[in-house]
Structures are given as C-alpha cells and as structure tokens.
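First up is the structure itself, then whatever we jot down about it.
In this document, chain identifiers A, B, C and D correspond to the written order of the chains, with residue numbering beginning at 1 in each.
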Amino acid sequence: MTQPMRASSPGRVRRWPPGFVSVFGFLPLAITLLVALFGPWLLTTNPNRQDLAAAYAPPSAAYVLGADDLGRSIAARLVAGARISLGIAVVGVLASLATGLLLGFISAFHGGWVRQVVMRLSDVILACPSLLFVILVSGLLGGGIGAILFGLWMSQWPGFARLTAAVASKELAADHVEASRLLGFRPGYIFRAHVMPAIMPYLTSLGALTVGANVLTISSVGFLGLGLRPPDAEWGSMIAGTMTYFRTSPHMVLAPAGAILICTLSATVIGEYYSARHQGIEEIA
Amino acid sequence: MRRLRGLGAVLIGHVLAAAGVAVAVATLAFVAVQMAPGDVAFRIAEARYGERISLQTVDQARAATGMDQNVMVQYLRWVESSLTGQLGRSMVSGRPVMPDVWRSFQTTSGVAVTGVGLALFMSLIIGFAVGMQQDRILDRAFLFASAILSSVPSFLIGIALITLFAITLRWLPAAGNNRPGYAILPSCTLALALLPDLSRVARNAVVRTLQDFYPTYGRIKGQSWPRIVFRHAFRPTLVPIVAYFGPLVAHTIGGLVVIDVLFNLDGVGTRLIDSVLAADIPMAMGAGLLIGVSVVAVNGISDIMVQLLDPRLSTARLWP
Amino acid sequence: EDQRILQITSPREITSLALADTSYHFRRLRVAETLVTITPAGKLAPELAESWSVSDDGLVWTFVIRSGVRFHDGTELTPARVRDAIELMRKSRNNTEMVSQLPISSVDVDGGAVKITLTRPFGLVPDFFTDGPAIILAPSSFAADGSVTQIIGTGPYRVAKIEGKASVDLESFPDYWGEPARIGRVHFTGTTSPDTIANMAEAGQVDLVLGLPQALRDRVAASGGVRIKPVQTARILGPIYNAKDVRFDDPAERKAVSIALDRKGIATAIFKNPDAAANQLFSPALPDWHDPKLPPIERNLAEAKRLLASAGWAPGPDGVLVQKGTRFSFPVFVGKQPEMAPLAQAIQAQLAEVGIEVVLEKGSQAPVLESVANGSFVFGFTRRNYAAVPDPVATLLVDYAEATSAQAVWGGINYHNADLESALQRYVSATRDEDRAAARDELMALSNSDLPVLPLIWYDYNVSISDRVDFDSVPVDALEVSFWIDRVKWAD
Amino acid sequence: MKSLVVENLTIATEGRAIVDNVTLSVSSGEILAILGETGSGKSLVASAIMGLIPRGVSVSGRIVVNGRSLDAADRDGLRSLWSKDLFLLPQEPLNALAPLLRADAQVAEQIRGRRPRAEACAALSAMQVDPHHHRKRPFELSGGMAQRVMAAIASVTRAGIILADEPTKGLDVDRRHVVAGVFDTLRTSGRAILLITHDIALVRALADQVAFLDERRIVENGPAARVLASPSTDYARRYVASDPSCWPARPYRRSYTGKTVEAERLRIGIDDTVLADELTFHCHAGHITALLGRSGIGKTTLGRTLLGLTRPLGGTIRRPQAEGRSALQKLHQDPTRVFSPWQAVGRSLEDMRYLAGGEGALRQMPALMQRFGLRDDVLGRRPHQISGGEAQRLALARILALKPRMLIADEPTSRLDPPVQEQVIRHLRAIADIDELAVLLITHDLDLAHAIADRRMLLEAQDTGPARLRDVTRSPQAPTA
C-alpha cells in the first residue's frame, strides 16, 4: 500500500485538471445550452414533420442521425429536445435553488420553530424518492412541462434548503457575522455579504449535479411513458418511443441516449469540479 | 450508561418519527388520489376492467369501493382497517391489501438488499483502493469512469445487461420473479446505478480521512501503516458512508421503479405508482406506508450506526 | 414423468377474480369453461352444454348439460348449478356482459337440461353464452357475500397458485371430462411492458407469448429460436367521435377525416403489416361480414378538404378550420398500449394537413369515458373486438341497438341510425336464414357508409413459439377466445 | 555534537519568502526556544524539519539530524527518521489525536512495555489528567487536557529530537509547570528539544538557548540567560519588554464619570443552565474594567449577555443607545475573523455606509486609521492576508467610527504575540482615556489586568450553586485567574 502522506495541510484538491473540466464539463454543456437557446432558429427541419415512408431510416444525407418510427428527423428532435430536457432540468434547479436558498436562510437566521418547521417538512419530502415524486405528480396531473417542473421543484427544494441552512447557520455563528450584527447591519446585508459567498460554491456544485440528475430523472419519467405530451421531443420519451426497435434500428435509441449522457456527464463533471474545490460538501449536504 | 440512555432516546425518537412519516406518507397518498383531476371512480374502473370499461362498470366500481361516500368517511375507514393491521381491501382486486403489498415489498427488498449490498461491497473496495491513490492516474480514471456511469440512465444499464446476459448468453432470465436467479440482473442493474455515487462517497471519505493530520501523525509517532488505517482511520471513514444510507435508500427506491418495469417485477414503488394512478386508495396508502417506514427505518439505522461509530455526532440529531 | 413447465406470457394482468374483471382470462387459460365455446376456426361448439335447441316460436332455448363433468374441487356439475350461475349472470348491470343483455324471462332445470325462456325471439342465445363472464364456477368459488375468492372451474387445467397480479401456476386436472391437457404444468406471467415481453421471448425464457404486440414481431422473429404465428383478428382500431358534436354531425365531415388518414403508412410503419390497413369495419377474420370487393381507402387530401369546405369549414387565421366560431380542434387521450403513442402522433400530423388540430393528452380509457359522461367528448379511439361473441351482431347490438346505445361508449357516441337499429332487430329476431342474410348485408353497407367507427387498422394476434414447443400443435385463435394451451405439445 | 542542525533553511510560497536563510542548531540535553511574531513562520520551520511542508510551498536548505545531512526538500528522507530520531508535538493537539480512540489507548500504543495500559495511565496521571478522563476520546477532552495527553505521548517517545509547537497554550499556571516539568525531564534524559512558544515565562524557566524570528529571519540568538537579560536587537528588546509582568501597575482612582452599563441582580446562563447569579455592577465611561475568572466560569457568556447576544435568565440590564443601534460594541478574540472573509477589508469598511449614520462614520475612518498607525494598503487585502495586530487595530477603528459608549473586549490579545498585544492594549487604554469609552476587558492574564485596568472584577464559583461576582480592585492578594 502506498502511503498517502501529503496531508499536513488539506489545501486544494485538484481532482479534475482544469483543461479536462473545460473539455468534458463546460464545453458540452455550453454547446447544449446554446443549442437549447438558439436551436429553433438553426433548424431547417420541423422536428414534428413526419414522413411515414422514411420511418426507421438509418443515418443518411437527408437524415443526419436517421429518422424515427414516424419518419421524423432525429437530429431535429434532438435539437428541439435540448430545449425541453435541459430547459426543464435547469429551470427546475433554479426554482428549487431559489426556494431552498430563501427558506434555508430564513430558517437558519430565525432558528426556533421556523427552522423546525422547514427542516421537518424537508425531512418528510426527502424521505420520498424524487423520481417517485415526479412520476406521481406527472402521472396525476397528466404529464406536461408544468407537472414535471412542479414535481422536480417540490422534491428538490428541501435539499437546497438543508444545504443553505447548514452552511448559513455555520456562517451565522461566525465572529464576522456577530460583529456585523452588533454594528447594526440588517439581515439582507448579512445574507449578501457574509452568507451568500460561503454558500455559493456549494450551491454551484449541488446545482450542477442536480441539473445532471434532473436530465436523468426526466428521461426516466419519459421512459416510463409518463413524461411530456406527445409530440414534444424530450430525450427520455424519444428513447421510450423507440426502445422497442433498439436491436433492429439502434440509431433511434443511441442518439437521444448519447445526448442524455453528454449532458449529464458535463453537468456531473462541473459539479464534481466545484465540490472538489470545496471539500466537505458531502458532509454538509 | 449515559450513552445508552442517549441511544434509547434516539431509538424512541426514530420510532415516533417512523410512525409520523408512515402516517404522513399514507395520508399524502390519500390526498394525492383525491386531489387528482377527474372522477376517481373512472380510474378505478379502468384499472379493474381495462378494455371492458363502460359507464355501467364505472357505477359498479363506485358503489363497490365506497367511493360514493364522503371523503372523511373513506379516510376514517382506512384508519380503522389499518389499526387491525389489514390496511383494508384493494379497490381494484378486492383482495386484502396487506399480503399483496407485503409480497411487493419482499420482491423490492430482495432486489434492493442484494443490489445495495453488492454496490456497498464494491464501493468500499474501490473507495479504499482509489482513495489512497488520490490524484494519481487510477484515481482520475476512476472519477471519470464513475462520472460516465452515473450519467447513463439506469434503464439503459438494465437493457445492456439483459441483452448481454439474458438474450445473447442466455445465462439468466430476462424478466419475472419466478425463476432461480431472477434477482441477479435487477440487482446488478441497481448496483451499477448506485455504484458511481456510492463509490465516490467512499472514495471521498477515504480522501477526507487521509487529509486529516492524525494518520500522518500516527506515522510520526511510529505506528505502522496498516494499524493506522484499520485502528485509527477505519471508523471515521465509515461514518460518511453510513451517513449516506439515507439518500441511498431514496435513490434505491426511485431507481427500482424503472427496474421493476424493465424486469416485470411487482415491486412496491411500482405498486405505489400504479395504485395512485388507478386511484386504488387502500393499496396506494399501504404501499406508501411501507415505503415511508422503510426509508425512516434505514435512516434510523444509519443514524444509530453513525452515532455508534462516531459518538461526536450524537448531539440530539434525531432524524434523519 | 415430464416435469417441464410450459412458460407462457401475455400482456394481461389478473386485476381481480371478480367475474366481470378477469373471467375472460381464466377461460383463455383453460381453467374455466362456458356452456358453448368457439373453436379456433370460429365455429360454435358445445362445451359444458352437450347440445342445444330452440322451440319453434324462438322463445324457449334448451341446453342439455354435459354429464360426468367435475369441478376442480371434485363436486359435480349439475343443471341446478348451471341455472344458479345463469341467474347470477342475469343480475349483472354491466352492458359489456352479454348474458345480461338477453331478454330472458326465466331459467329452469328440466331433467338433465336447463331451459331458458325468453320474452321475445332472439337468435343469438348460444353465441351469448360463449362470453367470458358466462363461465361456470363451482359454488366453492364464492364467499358468503357472493364475491369470488378462488377460481374453481371445470377446465383441463386447474389453478395451483395465484401470486399477485402477474403469476399463475396451472396443473392439469386429471378428472377432466374431455381430452386431457398434453402438458402437465403451466406457468403464466402477465407482462404489461411490451419490451419486457420481447426480451423474455428473445431470451427463450417463455415458450409462448400469446398476444405479442405487432410492433415487436420483426424484432422477436429476428432473434432466432422463436417462430411467430400471426393471424388477423376481428378487432378494429379506429377513431370514434361524438356524433352530436358540431365537428362530426355531418357524414361529410367523417368521410373527410377518414380519407385524410394515411392507413397504408400507419399500417406499415407502426403496425409492420400493410394488410392491417382497414377499409371496412369487419376484417377478413369475419368472412361472412367482410366484403372483399371494397377497394382500399386511399388518402385523398384534396377531397378531404373539399368535403370539409362543403360542410362549412373554412381555414382560420392559424390554419385551423373554423365554423361559426368553433375551431376544428379537439383533445385526444393517448393510452398506454404500445402502438397508441405513435398512432396518435401520426394522426395528429395527418389531420393537421387538412386544418384539423389534435391536442394530445396523457391518459387512457378513464378520461375518455369521463368526457363521454359529462358530454365533452369529441374524438377518441376504440379497440373493439367484434368477435368476443362469434357473431358480430352481439357487439353491434351493445353499441347501436336502441335500448343500449345511449349507454354505449366504444362504438360511436350519440350515434343513432334508425335503419341500423331496425336492421339489428330484424337480424336477431329472424328465424329464416335469408332474412338474416338480408339484414346482415344492410348492416355491412350501413357500417361502411355511415362510418359510426372510422375503420383504420385491423389488429393482428401473434403467438411467438419457442423451439421447445411443437409449432404445429399451437392453435392460434383469431377470435381471442382461448389460448388452447391444453393442445400444445413439447417439440420432442 | 549537535543533534539537530538547520542550515540556510528557506521556505517560500509563490513569489513570497516566508522564512529566509534560517540557521539553527540544538544539542542533546538542550532546549532551544524560538520566539517570534505570529505568522512569522515558526511552525513552518518545525514542519520543514519533519518533512511536512505542504504542497505549493517550496523549501531549500540542509537539515542535519544526528550527523546525517539531508536536503530540506527530501521529504522521504526526513520522514524515514520519524519516531526514531524526530518527534513532533504539533500546535493543534486535537488534529493529531486519532479522533475515535480513547486517550489511554493512544498513549498505550506508544509504549513497548509489558503492561502498556497501566503505564499509559501512569503517564497520564503524571500530567495531572485525572483517572476518570483516561478513557475519554479526544473530543470529550478540553483543549488543555488534550494538550496534556500529547505531552504524555511525548514523554514516552524514544526519539532523540523533539519539536514542540506551543505545548503550553491554553493551560493555566499550575498545569504549565507540569508540562514544563516534562520537558525538563526529557532534557535531562539527553533529548534535544526545539520549543516554539509565545510564553516568555516558560522560556525564562526552561530554555537554554533562545532565537528570535522577525521579518523572515533569525534576528538574534544565543544563551537564554544572556539574551533575555540584555537583548541586543530592537525586536528582542521589545519582545521581552512587552511581557505584561514587566509593566507598571495602574494606580487606583475614584471614578466620577457617568455610568454606561448597569446590571442589577443579573442571572446569566446558557439555555436553562444558570452559570452566574446576583450579578450587580456598573461600568464607568473612560474606565477599563477587567473581568477575571477561571476558564469556563461564564465570562464570555456575561459579555454576550450584556451585548444582547445571549438572553439573560433574570435581572435587569440598562444599556446606552445611539442612532437606533446599540452603543455597546465587542472586540473579538480573533481579529482576523471579524471581517467578512469573502471580501477585502476595505470593502467591509465601505459597507458601513449601509448603516444608519454610516456615511458620517465612513468619513471618520481615515483619521482613525492614521491614529492607529494603519497604512492604506491593508485595505486592499483579505482578512487572512493581514496580521493579527493590524486586524485588531482595524476592528477598533471600525468600532470607534460608530461612536459607541462601551466596548466589551473578550480576550482581545490572547491570539497575539506579546509585542503586538502590548500595542493593541495601549491603543485600548488610549481609547478609554481620550474617547471616554468604557471598556470591559475579559482576560485570564492577571498581570495585564493589573497593568491597565481601573477596576478588576472576579467571577468565582461558589461551593454550591452559580458563580458570583466580586470586586477585587483593592484586594491585596492576587486571585487565581
């Protein structure tokens, strides 16, 4: 066994080399985000245009990534799906993040029963697996972007709230906050100048990891057939719709699966990168 | 002695929390069914009659299941039958809920225990092997591989395993739970789905421990390396891993829903979803109850284990 | 002794033991039997009734009950038991059950026979007794409150164990009255996910897949070790509509929607069978009712647009047709069946080309029925089997007869046609074959011109057969009455 | 022969030398004390000798251990000498003890005897660790106890060279003698000891040689007796003189100024545990009142209660008010931690404009900074990049700008080295005198209290029940702090 004896001072762990993070983290995610934002203007083919005669067509000049079971361009649907899959994932994270930040900070700042209420509530929600939650909500509300967003938001804000509360109460107990309070600064200022900078790296990391997890969750819900309303092109339901033909026309499954993989991988790499820069995130989260 | 009393309090706290959560989850399932848009009787009728559903069968279902009664009455009826331990009768099959839910739970826990056990075992080995090589090539390779694996949807992992081991090699059954070895592929799928996160937790725990000064100081004091690893550092390293059991069980139950569908297993998560969508209130509440209790139980066990491992953490942190 | 177990699967689950719910299923598994059955060739055949006859006035039907038949619990089948069972069937308020539709005035035991007296002549009594819920179970099947607690039938197989909704173990019944089952033990797995069914077939884990979804046929066939027997059924898949709704009250509108659909494309791409494209309500599986001379319905967008224009529809600002402020737009619920999602999307895209907007929603039968109940229903799909009782008129009666059509859902909502109603009446009360034939021709003509259901796809029924099983011994039943597993032999 | 020689040791981070060309040597049976400002690199010198220099810090020079000469950058070479030749008593004992192993087990595993457990207990008892603490785990021990467990481990080491980094911090006078005894015994047994400390009294009692580290290099070294008696460099002179025991005592005067804070029958505690009761006292403007008391008795809690940070359990407090905020302010123990660590300290000062009356306060700052001798260039740095003395003066300036009436200073100098402590304390005295500010100075250091406080109050435990407050300003015998 080697002796890992570099430990006298933790320092910063360089888990991912920065170049690596750019190539596998920021670059693919940036491209996907750009595609999601500007894709509809780049598209020459309508993602919902059907040509039953071209159904199951393998990749060709006309269909760069082939056509699906209804003869729709898979490439066009991937581009359209970026907006939906990634959009829901990101918006879901932003909404949970905002809620969690607010409730977490308030419960850390106020303490007492407010904290108890928020924390017990998030305990109960966290005990419910988030995939189950999203499935149930979107099943009951009949699918649709709103239902999935609601499910993601509902199941994810507690994680952010607990993280915020943990970091914030540690930070609020620190001398610099006590000093600021004594000097007469208001909670808003303390949040902005003392607590936010401490939470930010954790939130970035958890946020990025959650975006990745969300892409997977959305695709799983789509796979179970409970996702969005057809014909919306969402990557998971693209897989679900064509899974049957996996062994006969693999391109129909591999293209969206690849998109999910790349997107999740880059979000994971980014999240891991940030959490490696701020050790101890597992303990707090 | 004081610590034992502390543990006793923790235990009671957990039991109370479990009861609370169980009732909360079951009630939530009840509310969810009631809140869903549309007439519940139609959903029950569809689950019962499938293709043969008609306006008459809907009326029949409504009358047979007591859905024509007041919501409060329905809820109280469930509470009443739950107190007898039967959890009522399914609105779809008419059979008592308990044996069915229990069977699903056994299926799920069979797969879950094997899968989680496998993942735990592998991740401990990987975690120690890789964590001690921190930042070397093996560590980097592991981190990248685990990031990739964690980005693959679990249904694709399952499909890959089925294609290889069931269809191509024909070593194992592709689905169902009536064949010997049926749990192997689902468990492996689950294990592979859990492995990236779990082994990262293990690896980080090892790295964290080794970043502390005391293992180094052990060497300064002249202790041997194995002694430091197993006597000084092992217990602290286990703490974050055991503490991760809570999220782990949630991931497991979530992941199993997909695995159930893929392998045609009648698991408890799938049963919860099916029965909520079918508005089978007693069944949904029964399944929710079992899921809630098992999540809380695992959380409790993990909590108590963490506190036994590291008494520093025993300060009034009841749940989770 | 041969300890091998025949492994079978189908996309059905055992939702409950109640007769209305899964009696079909236990009949298919050859556990329970009815008085009259249908052979794989589609002909009526005696089962628990040895023979039957009708009085000249057509009012009294006599069913001679087979003697020496034992239930799986050892008790004997008696005419009294049959009478009680029929009395139970009559009480059902469920209009999908056939026996309750019969105009029965009384049921009596007459020696070794059961006599059924009608209030008016009705030609299809034996046909109606082939219905699934008409199975006859031993009294020990029922609890005191009348609910079914176990399935104690008379078939060649008896239930050894039922576990959950997906697993049934069967063993052959030594005291069976007829030819005993050839394979001693059978295990049935209900599998809802089509991919899982395909996986099991490809892995060689099941010997028979009874009802392999059409879309999976090529894939499973390509895997080797499995052969597939397909057969066209009498099951139609097609749009139904609310005939009172302004969008569908005019036959021209229905015609336009019908010819706006690309049947060939859908049949080929989604159902993998160009012959599945339906040009009439009744498939070739019902030779008496199928008109082979009818030409295929070709897609004709120009004609469709013209018809719609003639019915008063003009394109609105967004391209969707409008008539007096009503947009030609409606929701469609997409069910869970494997073909429904692509089918609905194909139809959405095809109707969009003539200016009809389809909004797809998740959900299957329940919301459809609910919208029917509250009057908001516009458009949906039916998957109607016209041979649940071998004579399609039984199903037509439920859907279109004056007495029942108000409650009918799966054959055109609010659809009334006096000609159709009278033709149906004439058919069932006809005592002469030529009267009946005339009524049948009229029914065929009406159903194909007035389009109560827009014919789209005829379903195939596929059985995938592993090489462990003797391929030729597996009967394939186009009418989906039974799996006939008692006739299956091992390959060696 | 010298046991340990450090030649031309240079330690640097990117672009900045922390220790420059340091040369030291210790013989066996000798104690070398290294004194110097906090952050001057004393601990890093010890780390370098142990081969523990963290990544990102470069090190050069030679280290000779018992005649074996090694490159200072040869980490593996130095590590191979661990426990046989080199032993370290680290600055933070809690980081060095295995967190979940009991104290006696940690000592016992160092002992090669036949009955290690019994010998371990004997060693612990010798350190005045009571037997009922022997089976405790590190986190159940107070800082002082942990320090003594480490001393017990050191007392059984076989290594010939011992590096001790502040082994007596956090200990009261009696316990300090015990630990000093350990080093004395080790010296007698022929060990060479490198002692890093801020404690001049300990150096006087123990050291054979003394070295002063200032501005990255050794400014003066030599035999302890000579150097301490007549330091030749400015820095050493200042260092020795800054020991509060050398300061003149402050004479008693009656007070005529107004009262700032008044407490009547105050009962303090945490949650429902009463720590002290029947506290009736007041502070006068322009006075420094010292609050003395045993560790853990509740001094900090009393301060926090006065500030309104902890809820009083009974009694009344009258506090001055100013501009909607409390006119009571606190000077913290660790000055570098009172500024938001995420921004430059200048930014933290500018943020005062968000306060009521903050603009006016901000305009005062330049003058205040000048008064405290602070240069503008500190403003651009983050808190961890400024020295403790600078930080404490900056904190004082920020507080003064808001014109408080009273200041509660909780051990404001215990993290600072003696020269810096003196500087801060003199500023505090000046503030009290010039700005008529009342100061409540919480301290353990009796000498300090005698030197600058106008009043001294002792919080002392009763035989039964909560602690009481006693005015000891004019009591002749020194209360034990």
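Throughout what follows, a contact is a pair of C-beta atoms (placed from the backbone, for glycine too) under 8 Å apart; a residue touches a chain by one contact, two chains touch by 3 or more.
Keep in mind that what you see is a predicted model, and the values were worked out from it rather than measured.
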Path length in the contact graph (chain C to chain D, fewest steps): 2
Third chains touching both chain C and chain B: A
Chain pair showing more contacts of the two, A-C and A-B: A-B
Intercentroid distance (Cα basis), chain C paired with chain A, Å: 45
Chain A-chain B separation of Cα centroids, rounded to whole Å: 21
Separation of chain A from chain D, taking each centre as the mean of its C-alpha atoms, in whole Å: 47
Separation of chain B from chain D, taking each centre as the mean of its C-alpha atoms, in whole Å: 50
Shared interface positions of chain A, touching two or more other chains: 5, 8, 142, 243, 247
Sequence positions of chain B contacting 2 or more other chains: 212-213, 216, 219, 261
Contacts with 2+ other chains: residues of chain D: 52, 79
Listing of all chain pairs that touch each other, if any do: A-B, A-C, A-D, B-C, B-D
Of chain D, residues touching chain B in the complex: 50, 52, 79, 82-84, 86-88, 90, 92, 95-101, 109-110, 137, 139, 153, 157
Residues of chain B defined as touching chain A within the complex: 21, 24-25, 32, 35-37, 132-135, 139-140, 143-144, 147-148, 150-156, 159, 163, 200-201, 204-205, 207-208, 210-213, 215-216, 219, 225-226, 229, 240, 243-244, 246-247, 250-255, 257-258, 261, 269, 272-273, 276-277, 291-292, 295-296, 299, 319-320
Chain B partner contacts - residues on chain C that touch it in the complex: 14-18, 20-21, 93-96, 147, 163-167, 187, 189, 191-193, 195-196, 199-200, 202-205, 223, 364-367, 369-370, 372-373, 383, 407-410
Contact set on chain B toward chain C in their complex: 38-39, 42-43, 45-60, 90, 92-95, 100, 103-104, 162, 166-167, 170, 173-179, 261-264, 266
Of chain A, residues touching chain B in the complex: 1-5, 7-8, 10, 13-16, 24, 123-124, 126-132, 135-136, 139-142, 212, 216, 219-220, 223-224, 236, 239, 243, 246-247, 257, 260-265, 268-269, 272, 279-280, 282-283
